[in-house]
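So that you can tell them apart, the chains are marked A, B and C in the order they are listed, and the count of residues begins at 1 in each.
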Amino acid sequence: MKKDKNGNFKMISWDDAFSFIAEKLLEIKEKYGPEAVGYLWHLDSNEMFSQQLFTQLYGTPNWSGHGAACDQSRRLAGLMTYGHPLPTKDYENSRFIMLWGEDPLGPNQSLHENRELVEVLKKGAKLVVVDPYRSRTAEKAHVWLPINPGTDGALALAMTHRIIETGAYDADFCENYIYGFEAYAEHIKSNGYTPQWAEPITGIDAKTIIDLADEFARTKPAVADGLKGIVNYTNGFQALRAIFSLNAITGNVDGPGCLILKEAGPLAPPLVIPEEAVAVPQRPIISAEMGYPLAPDIPSQLFPKAVLEEDPYPLKALFFHIVNPAMADPNTALFKKMMAALELSVTIDVYLSETAQLSDIVLPEASMFERAEVRESLWSGPQVIMSQPAIPCLGSSKPLYDIMRGLGEKMGYGKYFQWESWEDWAKVATAYLPVTFEELKEKGVWHGELRYHKYLEDGFMTSTGRVEVYSETLSEFGYDPMPAYDDGNRVKPDADYPFQLINGKMQYHCGTHTQNNPYLMAIEGENWAELNPLDAQKLGIADGDTIELASPIDKVKIAVRLKEGLKPGIVRVVHGHGFGRTMGSVARGKGTHVNPIFDSVVNDISGGIGYNECKVSIRKA
Amino acid sequence: MMDKFTFFWCLIIVAMTFFFIGVYKNFAVKIGFILWVNNRRHNGEGIGWRENLALLIPLPNRQVVMDEALLQRRIKNRSEFLWLRHLLIFSGFVVIFALDLFLTFAGHYAHHYFHYEYFLSGPGKGLLKFGMELSGAALFIGLSLGMIHRIVYAKAEKTYVELKLLLLLWLVTATGFLAEGIRLAGQPNDPLMLSSFIMRPIAQWLGTSFSWNWPVLADGVWCLHATFAAAFFAYIPFSKFIHILSAPLGRSITQNGEYAYQKRQRISEGLL
Amino acid sequence: MSQYGFYFDKEKCVGCRACEIACQIWNDSVQTVKWRNVAMTFEGSYPDVSNVNVSMACMHCGDAPCKKACPRQAITKDDETGRVTVNRELCVGCMLCLWACPFGAPQLGIHGRMEKCTFCEDRPMGIKRACEEICPTQAIVTGKIEDLAKFSKQNVSGRLLHDESPGVLLGHEGN
């Protein structure tokens, strides 16, 4: 669909759409260079086509996932510490599991993980959850530590201090596989990161921290990890570095029941592009020029600046593939301004999302039931999943390969898109797997072998080949090379805005995707804010009231629920609802869109968005 | 020939015997069992009988009774037509039944024991007659609507509506009207003629068009009416008409389903 | 005759309510209200909070009270599988079965007739029921009651039911 002059969408043919976009793209390449085009995507395996088209053939470096809104800080911390962006957890064999702000049994379910977790709990493993909110995982935990928001790093450092002080660390591992352990031990001691120091910061008493550290060091195998609850703070990167270092000094790396440096399945790029045809970008990715040289994905809040101020270089066209920044990113007003300033904006999505409404062109993509996918799973070992279309594409929708092919042909790269059906490219993509294509097609999945202690042979993929608690790379770019606790920049509640606003996802919905599903909407039809009854009593708020949350930049009205399992002084909001005219009849007008009150606060190393750094005042509405 | 009232009393005795057997078997025993089951369940927890009673009968509040027993809100939510139909049958049946009872006690019994004639032959009779014709008409319209709907949408409604039951009650109502019409046709000077706003024109038309032996015919039709009515009463506890007794009780006590939620919550609390 | 039933492990249930949705979708053509429900209870105050999630549908009791409570004999128990079902042609929607049911399982559907779990009547026996199949943590297991009994360290049905007939298995008492 294309937007006409009046801003209304009109149906156009695929051919016209491809011609229009291709023409525009070639024109932009001519005028501003290929770097003026950005492509944003969510997690979708078919992205390899867009990657090959946009980065390899067209030549833009600005092709980026949704990391900034997600686990950007964890990814970078993983890279800087282990040289691996996505360490997974081997719950199955673990005996002590410590999760910081991570909720695998709640909204962040991946099926094998939560099955393994509940099974291992039945077998007697101990689970400790550090989270100011009593999440679904915390409900099953043996110990729930409601920590002060944003102080997770202090707890991890205090535990490290105790472990180093008592000598309970794995001396052998530290000597052979850790880079900079002595410096780190010295750093921890000289900065005085003692449990007593952490007590007033974290709100967890020193004795609990000492016991926890002792038990963590004593129990093997153990695993400590963090996700959303940490990465949504601006100090989350260093906190995760501290947690990863904690795993490292106790020797809990890449063994059974530890953090696993996941091996990727051997997938090949589906399009065969000869080396001489690959375009080399003339200018680096925008994030590198905007102060985030290490960011794995482009922090999405950089786009408005790049587009509106043409800094560091002009950005004229943006593609959005199954991302909905208009709903998901903070500061919605700025995003709208940016969309208006773009020369070309294209949304490829299954829904007519809020972002699609603001775009010039909307291309309907086939849903997961209508398209094929070849992808890596989140299992700790190498695993490849091949999903096959269950039904033919409905309406005029097309799978991403066909869309990229159509675009590619119009842009003159037709000869690289020679595959006719999904089987053709899937065969190429899975060529290196040790199973035949027919077998894979029948089973749908290939499991590799889950190998432990891969570092014994291969070392770590860091610059020094060891686990880097002291990171040379960070030091090179002028950042603190070792995990430190820095509370200076964090947005904290003050007299005018006395509550810390943290956010979460709903267990029954998937981000902003499922609000038009009547079954799920029957379970939870709207989103809400949660408040401890103690706070509510002081403010005279009862369960079910509507409250007004006011942050320094905006205010929203939202229903409130009282929750005993939430630390006082905190408001927790659940996001995803509050659709206006888009999305469909079921979602319309239900709940509140809360993102306008979040300001764009970002981690200054990784560029991850600090959704949880928001101070608010509450008033009964 | 057997006297009209002897026949009537024989019928009543037979019908009531069946009725009470049915009510005992299909209703009283069930309620007793439910009370026992609920009682037994809570005894295990060591609760005294007072608390016990409070637990096993969640007292329905006035709102639930209003909604469920009188206004049948759930039926209305499903379909306005069904609600109207059911409300006509329900109100017609309840009102005519109440007025009948009233006539028996305040009319016949008062006449017999106290020689109080106001409701039997005085102006009160006219009032009652008017009310009964009105409610009878409501019942008749409701039943006719129901039958037409059932026949037209036979496929969809077969599961939910039993035609023969509708027909039986419809026959009771129809013969009732007919009996009254024929009786009035034979007594054109009846002082209560004015209160009969439905059957009066029909009776006048019958009386002028035909010259049958009205009193004998009236007795015959009346007997038919009495037989159908008795059969209907005997059939109540054995048929879907049992809902007359069980639905208002069950729905009010379970608070229109809220009780299910409470029970599940109590079980989960028990497992906490 | 064999008796099939549900086994539910409260320690594994994470309260995601996928079973409710799976039940709704599988029984789409006949179901008008949710047959399976997850009851969630929270207790205590910060920071000592405890809670439990219990996914419940009809337990297909060995000695079904609803069957005895029905004034129309509309509820029958299948000899072969032990499933308890409502015949909607006989039901008058009086809700006496709900009054009698220890689990609050029968519910009034939009047609004014009682509805309840049919143990996925249209699924052949021997494969997983819809709710069991979807459960991400395998908290729900179905099967013959004798087989299920070995999962359970203690059968708490006696505490909740009117009799301790082996028709129902519920819960799993802690480690």
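The rule is short, and it goes like this: a residue touches a chain if its C-beta (ideal position, glycine included) is under 8 Å from a C-beta of that chain, and two chains touch if they have at least 3 such contacts.
Computed from a prediction, not measured in an experiment: that's the story for all the values here.
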Common touching chains of subunit C and subunit B: none
By C-alpha centroid distance to the whole-protein centroid, which chain wins? C
Determine which two chains are connected by the greatest number of contacting C-beta pairs. B-C
How many angstrom lie between the centres of subunit B and subunit C, each centre taken as the mean Cα position? 36
Intercentroid distance (Cα basis), subunit C paired with subunit A, Å: 38
Chain centres from averaged Cα atoms put subunit A and subunit B apart, in whole Å, by 66
Can you tell me which residues of subunit C touch two or more of the remaining chains? 51
Subunit B touches at least 2 other chains through residues none
Where in subunit A do residues touch at least two different other chains? none
As the complex stands, subunit B meets subunit C at residues 26-27, 30-31, 33-34, 37-38, 40-41, 44-45, 74-75, 77-78, 158-160, 237, 240, 242-243, 245-247, 249-251, 253-254, 256-257, 259-265, 267-272
Contact residues on subunit C for subunit A in the complex? 11-12, 14-17, 20-21, 24-25, 42, 44-47, 49, 51, 136-139, 175
Residue numbers on subunit A that touch subunit C, as the complex places them: 105-106, 109, 111, 114-115, 118, 121-122, 124, 134, 136, 139-140, 144, 146, 507-508, 519-520, 523, 532-534, 564-568
Touching subunit B in the complex, subunit C uses residues 10, 37, 39-41, 43, 50-54, 56, 65, 68-72, 88-90, 92-96, 98-108, 110-113, 156, 158-163, 170-171
